[in-house]
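Common to both upcoming complexes is chain A, partnered first by chain B, then by chain C.
Right, the complex of A and B next:
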């Protein structure tokens, strides 16, 4: 059976179960969802099959991508999907390090959103040792920025102090946008005329998240500075307009 | 033998989590006295300073899971808290293993609750080893919990049907299925005598004398509207209940629930006596991030109705004076909190600590009555 068939069967079974549930005694939506995906039901068998397809490296990337999309969609019913979560995570971890897999990025992205320690460790190791990197530094930092509890703060500071990779520097500022102790560093980058302009813009966004008041003051100074670049001054004006706090708003 | 007061300086704040784990392993080899370990497990211990939340929970699980057959009794509150609240497989597995040598009356209930919480997040673990477990390892967090349940035998009988239900979940496979089968084989259906089932109540911090925090009176705070207020001005003159939290907390059973319960407490007090002068406040651990707008946005959807005696607050400067004065169980990483326990404090109108509930939820009705009693007590009654 193809993945598309599994998906159709799963959706049909889900609908059938919902219809049956609607005719029975009143139940909360999450209870209906949990009952329709309960282990042993036909819809649950389809989820098992989808997990099998996703884990099977001999299947085509298209099949596995379709399985991944269906499983992610099933995850929107958290109570019902809970019994499959642990196995889904293990399969995604396998995908995240599978050589040559087109789905690696998707798996890394999904797991990093959940602050998965296995993936965080590998992304950080890739930043320390590029030979082992699963993705480019900017992508790794962007993924690690989902953790606002400090997993990548040190790596982000290292990138800002030692790398000229513009994309990585931008992504590093995304990480520091949740670190109140980085306010001065971020403000310094926003004001630094020798810095890449895209990086200065990322600095402005980060400062706005960290301290809107400090952002307004820095943005006002840039907007008033005839010696600064026009596009940067425009970004500053836009920021002030959006916050509604600046003199130029 | 190393005594708690002689404990050497912890590894530097720049040390990696792995280096700190190696330091713990080395310490174990030096036969430290039991009192060392509760100190090292405390969230605020310098052992965890500067680590990310992920590294902090991993290191703490390494400490908790490495005691073998002779765990020090002082670690029980930590085991109980992890089994009650943690959503991290490493922490739950370590607590389940550390619990085995103890004879805790409500062990089976705690373990079954932990099992239900951890199954969707189950993961391969290697309790007692800091290194990342290999995928071929023979244990997961759920299997460790089930193994501890199996060891309880008849003492887990009341939980047998719950275990059967949870064992029917699709799991990570072999280790969990095998541990579930062993648990069900070792736990008979007969119920234990009623005398063995005791509910565990909230734990007041033992050995904590009533003490004044009047020295904090001048500490500057800011509320959810940005209004400045001093600690004394906010809390003196009427009894107060203060819960600690931060808006970025990842565990919905901790800070989010704390604020919801503070809101419920205010409603309960209003129902008891609408005119009663009692202060209810949540104070954030993370003042640099939790700006007034964030405090308001966190409180409103949780039913926390702001008024002059019901506020969410942050310190205008550092949080450290509050941490020290209340001996709060909170540690900080590079960006924010990396671990915290539940801390709830009741102050009387003279800024004397009358109760300090740690590592546990509290009962809204019970505390409302307690606050009313304090509010109605004569001004000098019960003060130390």
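Right, the complex of A and C next:
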């Protein structure tokens, strides 16, 4: 197709789309684009309303989840959303500990990305005392893994020493991937043929993060071991391909 | 008798890359002949591979084969070449220029690649894997050059790239810088895009960018098979990629949500306006809405660049801008319809853009700019180490001058 024909075809497609839009609810181009969030605008009023819905435990989970998503989208107009940030965080913290709420996970997940100390304390408490857990151990450990202060390291070690939950063991290894004192532990798991293979995979990834040189040595041995599982040998080979000069410097 | 073909977009290893923008080439006899030799330049590549269009001059219509008369004394004859729109390469060398003088054996051939950014779900398995391997090596488990790209898109730098006129140009520059680093790993790689207004389940298959476990009790980290190049992906302190869609991944994200525009269609995006000031409202819908169609780092500006999906999302945002530029013929940066500035520094036409300009002077971010200047390309001198907003606008060199060295599979070069 020539470029000229391509243009003609695209013009026709665009016109069809405009015609279809014209038959629907009236929506001027400036309405299709998101409105500004300047105070006093309808959109800004809607943010207040959305925060109200999110905070209201009598509203349905669907309504509240829709409000949460809309508020997160408003965050992509950062200058205008800045005045709402503090209140948004406050509402999310309330939601994070709201008994029985299906949005508790979403709130914890959002705040954990900011290393929010309020949720970090509660996630750690839930790992120490399962009766107070807000989410499953694997999810809690993953949410805590972004913290660079190592608050979850002790909990991660406890999971590895005492839990048979494979999801939690994998997540624990993700946390220990930042703990230099855990090198021998994760290396042991990587090499343990009696360990669940998904957990060994997580151990390999953790060792690569902690000590690429040690990983290369261990991975080479696994890759050469005809008696080890094919998928673990593939993880080893994969890591050897990826590990480069930056990691070994 | 022998001859040679030279093309201006040849790298240091002798590899030739074309986009849709015509570039200069030449042909000559390698030894004097008794008389001028008439040769025909034509395509001789693999079926289904890239195709080349030939031009007798820089502003004349292209043809699928071209006759030129080579001087007997070996002087070069100039001509122009581009990739043929709609026929990108799948791999290096699947496009071949053949020069013949009537004999069965050609006088000269030139292997090359028509290297084009494609829809991610239309990549071959080999293209997909080359891209993923290059990303994995660039990340190098958190210790590679990708770290700088992650650090460019953070809370402290939000205003450099968002909420103003430079939103499209800044991200175009960002993607170009990343793509050039990927091409330093594997020169056959072009950045693919996530066309977020159509269903893309293949993009979220385990072999590509993956999905988290079905149950949230196992967490939100994407699960990769043992041989996946992103298995060791690490950003900040975290190994792995947390991401979970809240929409049905077998479909596209909704175009309308809570009564408002959401991940609106390509056509609706282009229909926002033919004027730049209104068109860049796409920063909210569909761009922002595409981001928050998932939970995880990609759903927030300061953390979004931790997820490789971010770059495919923004490649589509850039493609939408490129398509808008093509459709409405918006390439002259001095025209307000093409670009209308915001008053903030970094968002005016001749402003250099952070971090490539190395600035630490307020109101620019005051921490050390990550990554240094823009990566160079042997294929084009543009945009230089400290790109300006202006330098991102006429990316194909429509108004003369060099191109930036990339194109999209569905956005042609058209004067």
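Annotations for the structure displayed:
The working rule: the second predicted complex is superposed on the first by the 198 of 249 C-alpha atoms of A that agree within 3 Å, B and C clash if a C-alpha of one lies under 4 Å from a C-alpha of the other, contacts with A are read in each partner's own complex, and residues count from 1 in each chain.
We adopt the following convention: a residue touches a chain if its C-beta (ideal position, glycine included) is under 8 Å from a C-beta of that chain, and two chains touch if they have at least 3 such contacts.
Small disclaimer: the values here were computed from a predicted structure and weren't measured.
In the overlay built on the shared chain, the residue A:52 is in contact with neither chain B nor chain C. With both structures placed on the common chain, the touch criterion links A:179 to chain B but leaves chain C unconnected.
In the superposition on chain A, A:84 contacts chain B only, with no contact to chain C. In the superposed pair of complexes, A:121 makes contact with chain B only, with no contact to chain C.
Shared-chain residue A:147: touches chain B and chain C both. Counted by residues of chain A touched, the larger count belongs to C, out of chain B and chain C.
Comparing the two complexes, residues 147-148, 178, 212 of chain A contact chain B in one case and chain C in the other. Across the complex, chain A is touched by residues 85-86, 133, 136-137, 140-145, 158-159, 162-163, 213, 216-221, 226-229, 231-232, 234, 236-240, 242, 246, 257-258, 260-261, 264-265, 267-268, 270-273, 278, 281-285, 287-289, 291-292, 295-297, 299-301, 303, 327, 412-414 of chain C. Across the complex, chain A is touched by residues 51-55, 58, 119-123, 132, 168-172, 248, 250, 286, 288-289, 291, 333-338 of chain B. Only residues 39, 44, 48, 82-87, 89-90, 115, 117-118, 120-121, 147-151, 153-154, 178-182, 210-212 of chain A touch chain B when the two sit together in their complex. Here chain A touches chain C in the complex through residues 1, 3, 6-7, 10, 13-14, 17-18, 21, 29-30, 32-34, 65-66, 69-70, 72-73, 75-80, 105-106, 109-110, 113, 135-136, 138-139, 141-142, 145-148, 167, 171, 174, 177-178, 201, 205-206, 208-209, 212, 231-232, 234-235, 237-239, 241-247, 249, going by the rule given at the top.
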